[in-house]
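Each of the next two complexes has chain A plus one other chain: chain B in the first, chain C in the second.
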Partner chain A sequence: MKKYKALSFFILPGIIFYILFFIFPTISALGLSFTDWNGLSPDYNFVGFKNYKLLLTDDPIFIKSVSNNLKYMFSVVVFQTLISLVFAILLAKNTKLNVFYRAVLFLPTIISSVSVAFVWIFVYEPSIGSLNAVLSALGLDFLIKSWLGDKNIAIYSLAFVQVWAHAGQVMIIFIAGLHAIPKSLYEVARIEGATKWQTFRNVTWPLLAPSATIVIAYTTLQSFKAFDLILATTDGGPSYATEILSLFLYHEAFNNFKFGYSSAIAVVFMLIIAVITIVQFRLLKSNKVNY
Partner chain B sequence: MAGVKIENVYKYYNKNTIAVSDFSLEIKDGEFLVLVGPSGCGKSTTLRMVAGLEEVTKGNIYIGEKNVTNMEPKDRDIAMVFQDYALYPHMSVYENMAFGLKLRKYPKDEIIQRVENAAEILGITHLFERQPRQLSGGQRQRVALGRAIVRKPQVFLMDEPLSNLDAKLRVQMRAELVKLQRKLATTTIYVTHDQTEAMTMGDRIVIMKDGFMQQAGTPEEIYHNPINLFVADFIGSPSMNFVEGSLVTEDDQVEFETDGFKIGFNSLIKLGQINEKEVILGFRPENISLDTKNKGSWSKPINCQIELIEDLGAEKILFMKAENQEFQVKLFDSNFEGKVGQSLQVYLDLSRIHIFSKDSGQKIWNAGGGR
Partner chain C sequence: MIRKNTETDVTMENIKPININERISRQVPLVAYTLLILLPLTLVFFASFKTLKQLYNDPLGIPEKWSILNYIRLFANENMLIYFKNSFFVTFTSVFFILLLGSMISYAIIRMPNVVGNILFGFVTLGMMVPTQVKMIPTYVLLSDLNLLNKHSGLILVTIATLIPICVFILTGFMKTLPKGLLEAAMIDGASHWQVYSKIVIPLSLPAIASTAIFSFVITWNDLLHPLLFIKSSSLKTLPLALLQFQGEYLTDYPMIFAGVVAASIPMIIIYIFFQRWFIQGMTAGSMKG
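Our next item is the complex of A and B:
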């Protein structure tokens, strides 16, 4: 008993912070979601499920945001996983040059999202941006676009930036996974006459599954919770083409002063993330490898 | 089936790191050859060069009549068993065993038949559906062996396959492996750092140190006729006793003299037969006796004291001291009742002693093999 007393004493600070900054705001958001509070006035009215009803049945921007979120998530998860896997395989060997390249690829991860946003605003700028300049110099003028201004491609342009910024980080997870595969398994494959592709399919990929699990889970949540990059580049535009849930919530609260309504969005948002996380862990749980 | 010929093989990692130097050896068809030595001696590198997993810097390797020096591992018709078993954790036992055959596109019926045959030999048929993580160390090792034998290769290469097993299982698997090899009669090169494994398993043993082959021979040859101090020390447990001293002539007889005792060689060593004066005398712990009742040509008594007794049940190891010289005596007499601190007289079996050069460490003389 005494032991538990001591233990509870040590975890107390953590618990206090958790309650103060997570449990309390969550509960108060839940409470506020049933009101029409505007965020400023001292009084507000209880409106029952009105906010939820409006959100789920009669708000086209909510639907648009969820769909943007899904587009963003799928492109980030698919491309970030594939690109970082390719980099990991290319740079897995511990040579000096590879260590250098890994550092270069990892670099964007340590830059703040807002800085990344400003860099890419310049890259994507339609008339003086470097991307269009390069395309034009290569004679690929037909590819020149208003990367952030075209509502059909803006969300994908941003997904690309997200991949650029985080592929290096994910690559490190894959490299760690590759290094955990015993060398002898590759040697057996070599002796048995496996081609490079057969080796990848029979050895590397199945044994990389635990790393892939972490990567996919991490990337999914990361992309779903994206906020600052998009806020600093397009702020949800053009015409809501890049409005994702977190931005929608933010705009409703701080631009439109609908705190009650945005609290309802926050609750729904949290539920969506909870569902995705649970589904993901159920699906990926079987991917453990025991040597 | 085929023999293996290794011809003046060198392996340099760079100018200063020489892993294997001028290694030549012919392994007969069906032979069980053991490469043994301390870690870093080049034994695994040699094996991996035969496998094709390491490039040969210089020299040639033949399997049968074929020069395989520059061939890919898959074209050499070998199978390798690794220390960590190297089983694919995501495949079942059956899939692991069938892996190589599938890659080589054997017909399905033949794969099933071969895997079943191999599994039967190894007694692992009931494990087919299991994953490697559900197996014990011994079972995993059997599966790894199974994967090697299904292909019926020309040569088995085994890199410390028993070192991950516990002591008891290791002894059991040792015997099973030897029996299996005899049954299949496939040329086998086996790497180990364990001299007991080498002695008990090999038809022939090759002892390596610092990339150089020290000696090759049957276990008996190597045990009774070690070519230098390193081999003499490495093989045998407890290892051979070494006593530094000098050879002197007294009354027309060659004698070995050191602090603590003197040994006359009677007529075993003739005058002028050994030119070196400073030598190291080597004798195995079991070639010392507390009496002279048994057969042997015994030396004069040596006075010494018991420092420690290790009782192994069937035998006892006595740690002795004669003035400044320390040596061990292996007694097979379980009735021995000596105590630590007790003074004793012991006798050396002169027909079993070895004399090594103090300068070069090479053997200069032994009773069995002459010069």
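Our next item is the complex of A and C:
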């Protein structure tokens, strides 16, 4: 037992930090969510489930935010997974050229979201932006839009930027997955005369399932928690068209000084993430194969 | 992650020889996507060397005259050097303590009886499930109570606590693969835990520590949310926060904003070019936590 006591010296410093600055705040979010605190005055009242009731039954911006979150999440998950899978397959071989391509595709991952946001504000700019200039040059003038100003498409324009910034990152997970597939299986497929598609369908895809699980789970959470990019581009506008939960709770707390109400949003946000994680874990787990 | 290992290097083209047409058609999507990544960045780079008038006349071209006026304004009027200094200080201090405290917890986890170790591991890595935004209000209140708002120390403390879970996750996974017998033998020879930790486990774990260091470095250097919440004084701002506030200050003076974007991103991009293999490895280790 004495042997293990010495280990507490290794645990305590980090754990104290973690409990004080992580666990404690997370739990107190729950406590604050039952109050009407405005963040400024020294006292506040306990209001029971009032914040939750208001949020879930009578707040159109909450509904709008959840629906924006879902639009954003689904478009990012679908496109990021497909694009990263396609490029992982194209770049799986470790040639010099492929290593270069991978490095380029990965590059946006290391640039701060604020910088990425400004880059795309410029690309999407209605009058001097390059996207509209390119469309115009191609004779596609009918496609010219105010990409971040049109409330029907702004959320998708942002989802595109998210994919642009992170597809290269999750591609690496797929490439690692491809490298882990035993070569002998491809030889068997070749000897049996399988077509490319059959090989992909019956060897690559099933054996890539664990990587796909990681990619999809990671992308789902990453897109659900998006914050910096949207704050720096549209800040939730125009007219809440890009307001998502994380921004909504930030605005309610620090623009409107509703700390209690905003904590209730945080708790609901956390619960939604927990539900998504559990559902996904169940769905994707049934996906495993053995050869 | 990306090994130079042709043994396991399998793609479909290992199976059948491919013809020239196919080889070219594979390059088309790759070149197109590369351009999609690089062109927007290049346009911003060009724009940062234009005057506002030049930009409106010719938004996309190479600048006729390369003007460094925006960069001069950036460093003369905008305290860019101070923002750099702040980012460096906050990032390096945070990363140092994340690695130190995280690796110590990981060491304890692998040396404890399995059940206790697993409980501790579960407790610490639970934090990876909690999005930063969930705890932002209470953290703000806590720092305010401790009188640590608008101070680098407050920002650093919260950053450390936020990244300890992922650090412990990566390092414990790696340390578990170290030969247990070696550590036991050292203990029998009379080495203390601290000696085993600092002389054996840390040196052997350097690859995982490097990955974790890079991951934490990129996250902290680029972090916007925590500085946005905690830092108010201009002289204490980190780069992403300073950039965000350029937007309000310069509105549509894009060249000036872009000079800021370029100046803030160039150091990271240069480091990335030299250490890209490590970056890719580190960032992937961080995202594989699923």
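Please note the rule applied: the second predicted complex is superposed on the first by the 279 of 291 C-alpha atoms of A that agree within 3 Å, B and C clash if a C-alpha of one lies under 4 Å from a C-alpha of the other, contacts with A are read in each partner's own complex, and residues count from 1 in each chain.
Rule of thumb we're sticking to: a residue touches a chain if its C-beta (ideal position, glycine included) is under 8 Å from a C-beta of that chain, and two chains touch if they have at least 3 such contacts.
These figures come from a predicted structure and were not determined experimentally.
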item: Superposed partners chain B and chain C on chain A - clash or fit; value: fit
item: Contacts of A:56 with chain B and chain C, given as first, second, both or neither; value: neither
item: First, second, both or neither for A:190, with chain B first and chain C second; value: both
item: First, second, both or neither for A:228, with chain B first and chain C second; value: second
item: First (chain B), second (chain C), both or neither touched by A:275; value: neither
item: Between chain B and chain C, more extensive residue contact with chain A; value: C
item: Which superposed partner A:198 touches (first chain B, second chain C, both, neither); value: first
item: First, second, both or neither for A:206, with chain B first and chain C second; value: first
item: Partner chain in contact with A:283 - chain B first, chain C second, else both or neither; value: neither
item: Three-chain overlay, closest Cα atoms of chain B and chain C, distance in Å; value: 7
item: Those residues of chain A which chain B touches in one complex and chain C touches in the other; value: 182, 187, 190
item: In the complex with chain B, residue positions of chain A that touch it; value: 182, 184-185, 187-188, 190-194, 198, 202-203, 206-207, 209, 289-291
item: Footprint of chain C on chain A - complex, ascending; value: 4, 6-11, 13-15, 17-18, 20-26, 28-29, 32, 39, 86-87, 89-94, 99, 101-115, 118-120, 122-123, 128-130, 133, 164, 168-170, 172-173, 175-176, 178-183, 186-187, 189-190, 196, 199-200, 204, 213-214, 217-218, 221-222, 224-225, 227-228, 231-232, 245-246, 249-250, 253-254, 259, 262-263, 266-267, 269-270, 273-274, 277
item: Chain A contact footprint on chain C (complex, rising order); value: 1-16, 26, 29-30, 33-34, 36-41, 43-44, 47, 55-56, 59-60, 101-102, 104-105, 107-108, 111-113, 116, 120, 124, 127, 129-142, 157-158, 160-162, 164-165, 168, 192-194, 197, 218, 221-222, 224-225, 228-229, 239-240, 243-244, 247, 254, 257-258, 261, 264-265, 268-269, 272, 276, 279-280, 283-284, 287-290
item: Chain B to chain A touching residues, read off their complex; value: 51-53, 72-75, 78-80, 82-84, 86, 88-90, 99-100, 103-104, 131-133, 147, 151
